Amino acid sequence: MLDVRGLKKVYEGRQRQVEAVRDLTFTIESGDLVCLVGPSGCGKTTLLKCMSGLLAPTAGEVRLDGVPVTGPPPGMAVVFQEYGRSLFPWMNVRDNVELPLKQKKVAKAERRRLVDEALAAVGLADAHTAYPWQLSGGMQQRVAIARAVAYQPKVLLMDEPFAAVDAQTRADLEDLIRDLWRKLGVTVLFVTHDIDEAVYLGQKVIILSSSPTVVREQLTIDLPDERDQLHTRALPRFTELRGHVYEQIQAAKRGAGTVDEAVCAAEGADDKAVVGS
Amino acid sequence: MLDVRGLKKVYEGRQRQVEAVRDLTFTIESGDLVCLVGPSGCGKTTLLKCMSGLLAPTAGEVRLDGVPVTGPPPGMAVVFQEYGRSLFPWMNVRDNVELPLKQKKVAKAERRRLVDEALAAVGLADAHTAYPWQLSGGMQQRVAIARAVAYQPKVLLMDEPFAAVDAQTRADLEDLIRDLWRKLGVTVLFVTHDIDEAVYLGQKVIILSSSPTVVREQLTIDLPDERDQLHTRALPRFTELRGHVYEQIQAAKRGAGTVDEAVCAAEGADDKAVVGS
Amino acid sequence: MTNVTHAGTGATGPGAVPPAGGTAARRGPRTALLGLAGLAGLLLVIEVLPHTGLVSARYLPPTSRIMVALVEQLGEAEFWSALGDTLVAWAIGLAVAVVAGIVVGVLIGAVPVLRSVTSSTIEFLRPIPSVALIPLAVLLYGTEIQSTLLLVVYASFWQVLVQVLYGVQDVDPVADETARSYGLGTWARIRHVMWPTALPYVMTGVRLAASVALVLAITAQLVIGSPGLGALISRALASNAVPAMYALVVVTGMLGVAINLIARATERRVLSWHSSVRGEVIA
Amino acid sequence: ACGGGSSDDEASSGGVTAVKVGVIPIVDVAPIYLGKEKGFFATRGINLTMESGQGGAAIVPGVVSGQFQFGFSNVTSLMVAQSKGVPIKAVANGVASTGKTGADFGGVVVKANSPIKNAKDLAGKKVAVNTQKNIGDTTVRESVRKAGGDPSGITFVEMPFAQMPAAVDKGQVDAAWVVEPSLSVAKDAGARVVAWNYVDAAPDLTVAVYFTSTKLAQENPDMVKKFSEAMAESLSYANAHPDEVRAVLKTYTDIDQVILDQMTLPMWPTDINRASIEQLAKLGQADGVFTKAPDLNQLLPQS
Amino acid sequence: MTGVVKRVGYAVGLPAVLFAAWWVSTANSDNFYVPPLRTILETFGQLWTLEKLQADVWPSLWRLAVGYAIACLVGVALGVLVGSSRTVRATLEPVLEFFRAVPPPVLVPVIMLFAGIDHTMKIVVIAVGSLWPVLLNTVEGVRAVDEVLSDTCRSYGLTGVARLRHLVLRAASPQIVAGMRQALSIAIILMVISEMTAASNGLGYTIVEAQRSFAIPEMWSGILLLGLLGFLLSMVFRFVENRALAWYHGLRRAQRGS
């Protein structure tokens, strides 16, 4: 239902012309939970922006349920990588989360409930009246997540949403997303740099090459649907998949020719390092 | 040589009064590489700002080589959590990195060399002329790191500096920091949420409790000084230490009483989950 | 100017879906054409207005009549020397006001105590109209250019100053802290952080001041009678030469448009990094 | 310098004294331009430059501070200044009414279809003048009074002469006191003159004069004398050569040729009509223009 | 408590010094146009009685209020329009710049043609003249709305009025306020200019009339009053600003390290 076809994006600067994404083609089925990984700067954010209709691609197109995306489609929520800047500094936490719901014309009582629940779920039940700039980085990021969650979107795009939270909170939030996905059947595209996270969360992991960016692999995660932090991560298949993804990303980076000495030194034995860790 | 004594910081808002840090006391020896971990919102950033003289503590004091810190001391470099905002949008990447060196009156040729090396080390050798806002999140973060590295500080404070880069780049950067530390004997305080990273990097890991924040534990990492991504991470002692830190953080979070259901559910078996992963 | 919270740093992509086709080079002529269309619309309205009976052509002549008068003016040496006088007064006055405004503004911005000490005085002096200073100006300098300058500088100085003060206040604390932590001293921070942040405000201030300076240069000439376009307007008024008067008004308006063009071009150059400008160049 | 004891050394060179005169660029000052053209000033060693200002706001302070040596101003303004203690002195006649009803250079106009037929009807109406509490309103009041009306109910509104024809035409004011060339413009647009206020105020009313500062008058009587003489010559020349006046007007005003040909020129007698000024002073005092009676002996030259 | 004392001290300090300097330097002045400050202050007391304030300052003030309000409304509305669309900006900017460069005294006759000579004319003059800082600042503020915030709004379907209300106006508000502040003092100046034509009362009229009738101490006292008025109005303005932009000032303070 989310169809990306021959997507290409070139940023035209005055001196610099950057081909952020060369040619991407893939499909996300309705109700899928797909993780997107790839080297830093390979165009993940760019891809997300194109998919959410915020950026016009240079070539190719994105289709949602067969309809070409030209502007932000309704029922889609995005969590931006720059979480700090995506919160309204003139609204307190509660208003920030509530605003899209107001826009959606959700009734007041229902709105209240959704906001309370979402904030509690991300562990910010007592920060309603604070302004975003009174919060720590991780708390800000969680407000942005709460906003997306409360919105009850049909499609949820998240750009490294857990980058700034601690390991425990991260695990909680991962479970929150999987819960949401299973209960509400929302379609999720999740960008992350954490390979464990990608494998633990996704039904499918899309691995991008480094620039000029194409899809390097679409990996189906054949782990049981019922996952939990404890058991799933202990499965041998988990370790295997994770090793595979790590290898692919390394290969991707190497392919790009921006490898420096440190990388080369560690190269030979990387798979093992990953598996062993 | 970096002494934190009875540090307390209370943010006074109009309605909200937040005790970010209650009472912190610890010492970092000259030439130490210390990692700081703790739950999201526990006051790590606040602590770093106090230590770098950017924020005046409510009580207690920070001493550098016996001298109380009241403003940013010379020879100290800070990488901020809000990397995007710490780069000057009106300068290109090169100028951003070069500016502190100019200020330090480093000769032109030397400056050139330092900047080139630092940018190459973070994998941005070909982005000199780009402006920060033309870069991806991870690239911006690496520019901020390059700036700190090129500065050749005596003390280096880093606030989640690798949050936005991919796993491979992260590993490279970790090695870069250890290299730097060993070659130049710089004192490093490194905030991270990645427990593996903390154990892999640090000589010592300081674990903070959640709010009201105190030092929960100061853990000496008794791994060999010679570390590499492959072997060190495979050591049983590494796994042990890591498990220990994870446990401590979980306990810290639990203590704070902001635990929600998801956390409780996973609690009983957490150690195993960590070790097994 | 800057986006409020986050002084416009590191964004990844232009905010809007750009319209089809258009690098800066291609957009230039389009902008110019639209601008011309706007002006043409204005001229058309003025041409038609007298024919609607809303006003008599005797008091607001149609464009065609004004244009005839304008061409007559253009043929006179007196007009050109007046234009020169006005431009000289404008340029000198503006330069003095801008430099003084920036220096004082940055000084006050950099030293918080100064801000508290001067704010009441600034608020007191600012609303005093330059026209009230006319006797003083004449007393001091007669109809010499200095009289005009005094009024021009007095009026446009505040425009720059206030903008600079607001701009200086808008410095992103994270950027400033970064600079401080790298040991940039006061002067270096003013130069590398405060100044670029305030620059968009300064540009607005300069654009405001540029037209205020023009307005004041002409008004001063109008009232005091020092040579320049204002004196010509005053003469046309006294002679009831309505078309000539409007022709001169058109000239002042056109000067304003030209000044703005220059200011915009400068802005595109110096502020290419700013989110208000880069969205238009890149994309 | 010329032997005349010029104290103003920097202003004089080679027997020529540089003199700046602040004038308003209107019909009234044609003689000084004409006189300069004819060389009446140059022959007396005066190198004349005219600085144009918009009324007393700029000219009086300029003269007092010595930026201008002489200035042109209407008599009422000068009397006000004198009564307030401004150190000035009249040195030459400026301009005077023609004294002829129906053919003066200033009058009160109304719209063609206005119900106002004569000065008496102005009572209680809204009348535009260029400046309140000045020569305009005092003389208009006198016109109404003489016509048997009650001037106390008139509302005076200030606006520049140039805007008056339009204001009358659009009915924004009931009447307006205008002088040439606006008078002709108004008449052209169909306005009627209902009162000739200068004529009604006093016979051959002196409207404006040239003046200097008392300081200059004391320190450099010689130059003042020469200026007065040159002025007198210019005035009588202008009076005798109306065609040349119309021609010189083209050099420093933008008056339309059609208007220029049809407008009424004022009178330029050589002498100040003291009686008319006394009458003006009386009118002004009655209307509360002065707080203190002006000392005409101080203000006007001894004749 | 000490904070208040300090603030008052700051507010009064420099003016007091300047006034003292003025007092001393003009104490023996015999220049007709620069009377001793003592004379001016005496005149001030005599001239600005309550009655006179009511007759002359009140009408000025309400014309100022109406004109200024119009300028703010139109400036923000037009500014949002011009700032949000490149096409509109390209089309309108030259025309706006054209009018901006025309001096108000020259504009008065034209405005009189359409707005008559009564209050309307003066209000229009004030509005037209003080519009520009608001307009320009709004345009710039709207153009510089943070891209990430803007994207956030778009992706959550916040468009049209909601976007305007929650994003554009709020984000641009610090700058709009800067413009309004500029406009306030310009509006006061234009209040004086508008009363130079076709007025029979008002503070500006009083000053101009005093100047013309050589009542120089009265003129200076009027200018003093004008300055005081400007000062008072700016105090009111700051009060309102501190409320409306509480988040902005809080944000700055917080980030600076309270």
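Lettered A, B, C, D and E in written order, each chain numbered from 1.
Please note the rule applied: a contact is a pair of C-beta atoms (placed from the backbone, for glycine too) under 8 Å apart; a residue touches a chain by one contact, two chains touch by 3 or more.
Since this is a predicted model, take the numbers as computed values, not measurements.
**Student:** Moving step by step between touching chains, how few steps can get you from subunit C to subunit E?
**Tutor:** The distance in steps between these two chains is 1.
**Student:** Mind listing the chains that sit against subunit D and also against subunit E?
**Tutor:** Touching subunit D and subunit E alike, sorted by label: C.
**Student:** Let me spell it out: compute each chain's centre from its C-alpha atoms, then which one is farthest from subunit A's centre?
**Tutor:** Farthest chain from subunit A, going by C-alpha centroids: D.
**Student:** In angstrom, rounded to a whole number, how far apart do the mean CA points of subunit A and subunit D lie?
**Tutor:** About 84 Å separates the centre of subunit A from that of subunit D.
**Student:** Starting from the mean Cα coordinates of subunit C and subunit D, work out the distance between those two points in Å.
**Tutor:** For subunit C versus subunit D, the centre distance works out to 39 Å.
**Student:** Measuring from the mean C-alpha position of subunit A to the mean C-alpha position of subunit C, what distance in angstrom results?
**Tutor:** Chain centroid spacing, subunit A to subunit C, equals 47 Å.
**Student:** Listing for subunit D: what residues touch at least two other chains?
**Tutor:** 57, 61, 64-65, 160, 162, 166
**Student:** Listing for subunit B: what residues touch at least two other chains?
**Tutor:** 11, 13, 49, 54, 82, 84-85, 134-137
**Student:** Please list all residues of subunit E that touch 2 or more other chains.
**Tutor:** Within subunit E, residues 33, 109, 113, 146, 148-149, 151, 171, 173, 196, 211, 248, 250-251, 254-255, 257 contact more than one other chain.
**Student:** If we count contacts the way the header does, which residues on subunit A are in touch with subunit E in the complex?
**Tutor:** The contact residues of subunit A facing subunit E are 49, 52-54, 71-72, 74, 76-78, 80, 82, 85-86, 88-91, 99-100, 102-104, 131, 133-134, 147, 151.
**Student:** Quick check: in the complex, which residue numbers of subunit A touch subunit B?
**Tutor:** Against subunit B, subunit A makes touches at 11, 13, 15-16, 18, 37-41, 43-46, 81-82, 84-85, 120-121, 123, 125-126, 129-130, 134-139, 142, 160, 163-172, 175-176, 179, 193-196, 228-230, 233-234, 246, 249-250, 253, 258, 260, 262-263, 265-266, 269-270, 272-273, 276-277.
**Student:** Over in the complex, which subunit C residues touch subunit B? Could you list them?
**Tutor:** The contact residues of subunit C facing subunit B are 6-12, 172, 174-175, 177-178, 180-185, 188, 192-193, 196, 199, 273-275, 278, 282.
**Student:** Name, in rising order, each residue of subunit D that touches subunit C in their complex.
**Tutor:** That would be residues 20, 22, 24-26, 51-54, 57-58, 61-62, 64-65, 67-68, 160-162, 165-166, 169, 181-182, 185, 189, 252-256, 259 of subunit D.
**Student:** Give the list of subunit E residues in touch with subunit A in this complex.
**Tutor:** Where subunit E meets subunit A, its residues are 146, 148-149, 151-152, 154-158, 162, 166-167, 170-171, 173, 247-248, 250-251, 254-255.
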